[in-house]
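This report refers to the structure that appears directly beneath it.
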Amino acid sequence: MIKAGIIGSTGYAGAELVRILLNHPEVTISWYGSRSYIDEKYASIYGNMFELVSDVCKGDDISALADEVDVIFTATPQGFLAGVLTEEILSKVKVVDLSADYRIKDVATYEKWYGIEHKSPQFIEEAVYGLCEINREDVKKARLVANPGCYTTCSILTAYPLVKEGLIDPATLIVDAKSGTSGAGRGAKVNNLFCEVNENIKAYGVASHRHTPEIEEQLGYACGKEVVINFTPHLVPMNRGILATEYASLVKKEGGSLPSAEEIQAVYEKYYGGEKFVRVLGANKCPETKWVEGSNYVDIGFKIDERTGRIIMMGALDNIVKGAAGQAVQNMNLLFGFDEALGLNLVPMFP
Amino acid sequence: MIKAGIIGSTGYAGAELVRILLNHPEVTISWYGSRSYIDEKYASIYGNMFELVSDVCKGDDISALADEVDVIFTATPQGFLAGVLTEEILSKVKVVDLSADYRIKDVATYEKWYGIEHKSPQFIEEAVYGLCEINREDVKKARLVANPGCYTTCSILTAYPLVKEGLIDPATLIVDAKSGTSGAGRGAKVNNLFCEVNENIKAYGVASHRHTPEIEEQLGYACGKEVVINFTPHLVPMNRGILATEYASLVKKEGGSLPSAEEIQAVYEKYYGGEKFVRVLGANKCPETKWVEGSNYVDIGFKIDERTGRIIMMGALDNIVKGAAGQAVQNMNLLFGFDEALGLNLVPMFP
Amino acid sequence: MIKAGIIGSTGYAGAELVRILLNHPEVTISWYGSRSYIDEKYASIYGNMFELVSDVCKGDDISALADEVDVIFTATPQGFLAGVLTEEILSKVKVVDLSADYRIKDVATYEKWYGIEHKSPQFIEEAVYGLCEINREDVKKARLVANPGCYTTCSILTAYPLVKEGLIDPATLIVDAKSGTSGAGRGAKVNNLFCEVNENIKAYGVASHRHTPEIEEQLGYACGKEVVINFTPHLVPMNRGILATEYASLVKKEGGSLPSAEEIQAVYEKYYGGEKFVRVLGANKCPETKWVEGSNYVDIGFKIDERTGRIIMMGALDNIVKGAAGQAVQNMNLLFGFDEALGLNLVPMFP
Amino acid sequence: MIKAGIIGSTGYAGAELVRILLNHPEVTISWYGSRSYIDEKYASIYGNMFELVSDVCKGDDISALADEVDVIFTATPQGFLAGVLTEEILSKVKVVDLSADYRIKDVATYEKWYGIEHKSPQFIEEAVYGLCEINREDVKKARLVANPGCYTTCSILTAYPLVKEGLIDPATLIVDAKSGTSGAGRGAKVNNLFCEVNENIKAYGVASHRHTPEIEEQLGYACGKEVVINFTPHLVPMNRGILATEYASLVKKEGGSLPSAEEIQAVYEKYYGGEKFVRVLGANKCPETKWVEGSNYVDIGFKIDERTGRIIMMGALDNIVKGAAGQAVQNMNLLFGFDEALGLNLVPMFP
C-alpha cells in the first residue's frame, strides 16, 4: 500500500484521479491539494464524493508533501511544477506530472509555445514521456514522468504504428481533433458556460495549439526525422471524449499500389495486439467517444481511400481518463511495479 | 463463483447489468439473451464492450437457461416473465426480475395499470419486493425478487422514513419526478430521437404513469393505510438520472409547531444512517443527479417551508444503476450471501 | 419610427431584445448599453450580430439616454433602476424594466426577498405590472412598466383563470418549475459551466426563490385574498425554456363532484380565447418547451386527477422571449399604440 | 401572392420550410404533403405549429398539386422526384427539389453514389444547381432548381473563391465536416436516439458520403479541372449546424512566398463582399455554428499556417436553413423575381 498526494485535486483531472484511486487496491490518497479551496471539505466541492472522501483540502507545499507520500501527482497549471521541483523532492518521491512542464525535450520549443520561461530545465532530460504503450520500459525506471496531454495521447497513438513503419508520409499528416468541454478545465469563463457551448461547435487554437509540438516531437522520434503537422482542435458540446480524425497520404509500395487494409491492420496489430488499453477496431470502423467513456481505452479505426491515396485514421479516448488521470495511474503502476492495469478495469459506461 | 444469465441483455438496463457484472468478483455472465439480436456478437451491438465481451447473443428460452446458471436476470417487457415462469424454473435458479410483473401484490391493480392479463399470479405472493434497504431480510430468503422501478426506488426511499414515522400526511404527498432519457429504453421511436428530446422538457403520463400504484403500495405498507398520491414524470435532456421533488404537509407536533430540521434529519439517520447506498445530505441541501451518475447511490436532501407547513424532499439516483441494474446486483448479492456491496463500489463519475 | 435604448444589452435578455427589435418595423435601437463592454463593438461580444449591428457599446448613463430615445429597456441587476430612476427621466421617456425593482407593490416584501434597500419606492405605486394578458389597459397608459419575471409569467398565466374563477384552492397550490440555463445569466460562474450543468438536474432556491412573492402577489389580486404557495425552481440542461408543473386541489361543486375537463377548458378559453400569445392546448395535453422555443407563446395544458381531486396544470414558454424580451416588446407595443404583436410574429423553431 | 406546395412537409427540412414561409409576405402554403401522416392535422405532428397551421396533411400526388400551386418544394427521399417529374408538371409550376435527384450532372456518378437508377435523366441538363451565390442568374431563368445539400453548401462556399482564383491546390483539399443531428432526419432509428447521440461524437460515411461527388463537381467547375477530395462527416450532439474545417496547400506566389492573409481576405471579399448571406469573418477568426443558428447565413473564417504552407478554411451554417429550407426559399425568391432575401431576415438566435 502506497500513499499518494495530488496537487490540483479540485480540477477535473485531479478529481478523476480521486475517482480512480479510490478503487485502487494499492493506493491511499493522503493529500488533497487545492490552492483555491484550502481547508474546505473536498466533498463540499465535489458532491459526488460525499461520504467517500472525508478529507479537507490542503495547499500545494510540495516539499512538505514529499515527506508524507510515495507518489505525487501534479494536475496543475503550466509552470507550477517547473517552478518548485527540486532534486531533494525527486530523491524522496516519484512524481507524475499531468501538466506540460517536462513533456517537450527542447526547452526553446516549450518556451515558445507556452510563452513562459522554464524554471527547471535541468530535469527535462531525465523526465520520461509517459505514453506507456511506447515508453513502458523507461517509465518503469523513472523518478519523474511527464504524463502526455489528452489531444496528444489520442493523436499520437492513432498514427504511431503507421508513422513508425513508414506507411504514411508524415509531411502530409493532418489531425482534426474534437474534444469534450472538460478539457477546458473548471475555470469560470464565459466561453465555457453551458449556454455558450451547448448547441455549438467551433475550432480554436488553429495552427497554434500547444499540443502541436508535443505530437510532432513524439512522431518525429518514431520516424527519425522532423515532423511538422496541422493540428486543429474543436470544442464539442459534451463533457468527455476526444475524437481525432487524421489524414495522411499512404506511401505507395513498389509497383505503385497502395498498402491494403490487411497490411495496415497487421501493422496496428504488431504494435497494439498485446496492449490492453488500445483496441484496434480495424478497417472501415469508426470509433465513437461514447464507447470509451469513463474508461482507459483508446479505440482506433481506419479507412483507406483509393480515390485520393490517403488513409483516414480515427482514434477515440476519454480525455480525463486515458488522456489524463487514467494514464497517470497507468504510469504510477509501472513506477511501483504493480500490474499495469491495476485499478483501471473501468468498463466504458453506456449510455 | 456463480453463473448468471441475462434475458434482455441488449436493452439499456441489461447492458448496465453487463457493465457491472463484468467487474463482479463472484459472477460470470454465461448467457447474453436478446430476442432481437440472436446470434450476433454482443460487442457489435454495444461497441463499448469490444474486447470485453466475446459472446454472441442467445434467445430467451428461460427453461434452457435455468439449467445452465445460478441466477437469471430478466430485463424484459412487462408480461414476459409472468408468461414463462414456472415452479420448475424457480426450483433450479434464483430470479431477479427487472420488469414490473411481480412488484404489485394486487393482481387487479397490476392488470388495470398495465393493461395486460397476469399469466402467473400464483408467484406474486412469494415474490419479494427488492428494495433492499427496506426488505433486506426477506430478499435473503427469496427465490424470486421483483426489482423495483427506477422512479419508484427514488420516490419511495426519499419519503419512506417520514411516512413510516408519521411526520408527513401521506394524503398530501405529491411527487414531481424528472428522468433522463435512458429510462425510455432503446426502442426506435420518434419521440426519443435526439432532436426531439434535446433542448426540451415535458411531462408525460400525468396522473396515469404505471409506477404510481407501486409507490402507493409500498408507502401504504409503511404507514399502515391506503396511500393515494400524485406522481408526475418528466423527460429531461440527459442520458441518466432521476430527481424526485416531493411535497407533503408536515404533521404538527403537540402544541402546533412543525418538526424541526434536526428532528427530520434524525429520522432519516435512523433509517439510513447505516445504509451504504443511501446518502442523507441533510437539511437545505439539494441533490444533483450528476453527483450519483454511474453509481448505486441515492442522495436525499430536504427543506422545511415554515410559510406553508410543507416539507420539500428531494432524492436523486442513477435510473439504470440504483434504479435498475445496480439494485438488481444488490439483490443478487443478498440472495447468494455475498457482501451486499460486492461489485457495486462504483464511484460517481463527474463531470 | 421610435428610438430605443437598452441598458444591459449584453446579458442574455438584452441580447434577445436586440434580436427581436432588429426585425421590428417601428423601432431603431440607438443605444447598446453595457457597463462591462463599453466602447467594444457589440458584434464582437455577440458574434451572431456580425454585419447586423455595427454599434459599439455605451455606458449606463440613463439621464443622457433619456434625452436620446423614446423608450428605455433596463435589463439590469436588481437595484440598478431603482437607484437611478427620476421623475425627470419618466417625464421624457417610457421605461420598461426587466429587473424586479418595481414588480412588488409592498416594499418590505421586496427588501426582504431581495436583501437590498429600495432606493426609489415613490415609483412603485405608479409602475404597472406588465403581464399584458392581465393588465393590458393599464400598460397602455403607463410611463413605467415592471416587466414580469420568467418563472412568474409562466407560473401565473398557467393558474390565473382557475384561481380567478375560484376553481382551485390557492392554499394548495404548488409550482414545480424547470428552467433552461439562460435564466442564470451570462455571468462567469462555476455552477453554470457546461460540464456542471450538462447531464444534470437539480432544484435550487427551494422555498426561498425571489419569484415566489411576485407569483403570490399577482395570484392574490386574482382571488382577492392572500396567497402563499410552494415554488421550486430546477435547472435543466438546455438553453431556453421554462416548464411549470402546477398542482392544486379542485374546489368541488355543489353536490360534491369535481369540475369537468370541459368546464376547466371553458374557463381557460374565457380568459385566453382571444389572446394571441397564450395557446390553450387543453385537457390531457402536455406542453413542451421546444414547441415554443424562440417565440412569444405560452402553451398551457392540464389534467384532472379524479383519484386525488387535484388538477395538474402545465405551462411552457421561452424564458428569454415571453419570459423577458418578447414580453418587454409586447409591453412597448402597448405603450406606443402599435399592434400588440408587432415584431413578435416569431414562429417557434423546431428542432 | 403565390401559392406553394410542400411534398415531404413533415421531415425536418419540410417543417423548416413551413416555419420560414409562414412569415414570407408573398407566399401562402396551400399543400402540406406527407405520405406518413395523410389526413392528420399538421399541428398534431409539429406541436410548435398549434394555432399557426390549421391544415391537414395531404399526399404526394404531384400532378394534382401542380394544378393548384405556383411552386412545389420536394423535401423527399432520393429518387422520389426523379420518379414522378414530367414535362407537363414543369410546364405548370416551378419546382425546387431539396433532394439530390438533379444535383449531379453525370448520371453515372449519381447512380453509383446513390445506388439507385435515375428515372428521369432527361431533366438533369435543364436543372440549375441552386447555389444562389454562384448560379444566381441561371436560377432566375430556371423551371427546376436542384437545391444543394447541407454539407455541400457549406463545403463549397467556404473554399470556392480560393479554388476559383487558383490560390489553393484542389488536389490537397480535405474537408472535415461536423453536423448537428437534424441532418439525419426524423426517421425512427436507434442510431439517432437521444441516448446514442448525446455525449458522443463519431465520423461516418468516411470516404463514401454522397455529398462528396456534389462538392467535387461544383469545385471542378470553379477551377476548370477534375477535383477529387476527402470529405469526412461527423455527427455532433446538437440539433442544428454544420461546421466545415477545410485544409489545403496554398499555391506559392512567384518568388516562393505564400499569399498573405490580406490577399486571401481580398479574394473572399471579391466574391462575397456583396453577398448578404455570406459573412466573411476574416483571418484568424473561427466561426461557430451557434452564431448562425436559425438564420440563412454562412460564416467563413480562415487561418494561414506558415509552418505547413496550408490554409485552414472554416465555414458554418444552419443545416436546415442555408443548408436546406432557407436556401430553397432564396431560390424561390429568385425564380419569382422577389427580393432575394424576402422572408429570410432571420436574426441568428443566441443562446
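As written, the chains take the letters A, B, C and D, and residue 1 is the first residue of each chain.
Keep in mind that, in the parts below, a contact is a pair of C-beta atoms (placed from the backbone, for glycine too) under 8 Å apart; a residue touches a chain by one contact, two chains touch by 3 or more.
A quick note: this is a predicted structure, and the numbers were derived from the prediction, not measured.
Two chain pairs are in question, C-D and B-C; the one with more C-beta pairs in contact is B-C. Chain centre most remote from that of subunit B: D (centre = mean of CA atoms). Rounded to a whole number, the gap between the C-alpha centres of subunit A and subunit C is 46 angstrom. Subunit B and subunit C have Cα centroids separated by 38 Å.
Subunit C and subunit D have CA centres that are 37 Å apart.
Annotation for subunit A: residues 12, 182, 195-196, 198-199, 237-240, 287-288, 290, 293, 351 touch two or more other chains.
Those residues of subunit A that touch subunit B in the shared complex are 12, 15, 19, 22-23, 46-52, 182, 199, 239-240, 279, 281, 287-288, 290-295, 299, 345, 347-351.
Within the complex formed with subunit B, the subunit D residues making contact are 12, 181-182, 186, 188-190, 192-199, 237-239.
Chain contact summary for the complex, subunit A toward subunit D: residues 174, 176, 178, 180, 195-196, 198-204, 206-207, 228-230, 232, 234, 236-241, 243, 245, 247, 284, 286-290, 293, 303-305, 307-308, 310, 312, 314, 316, 351.
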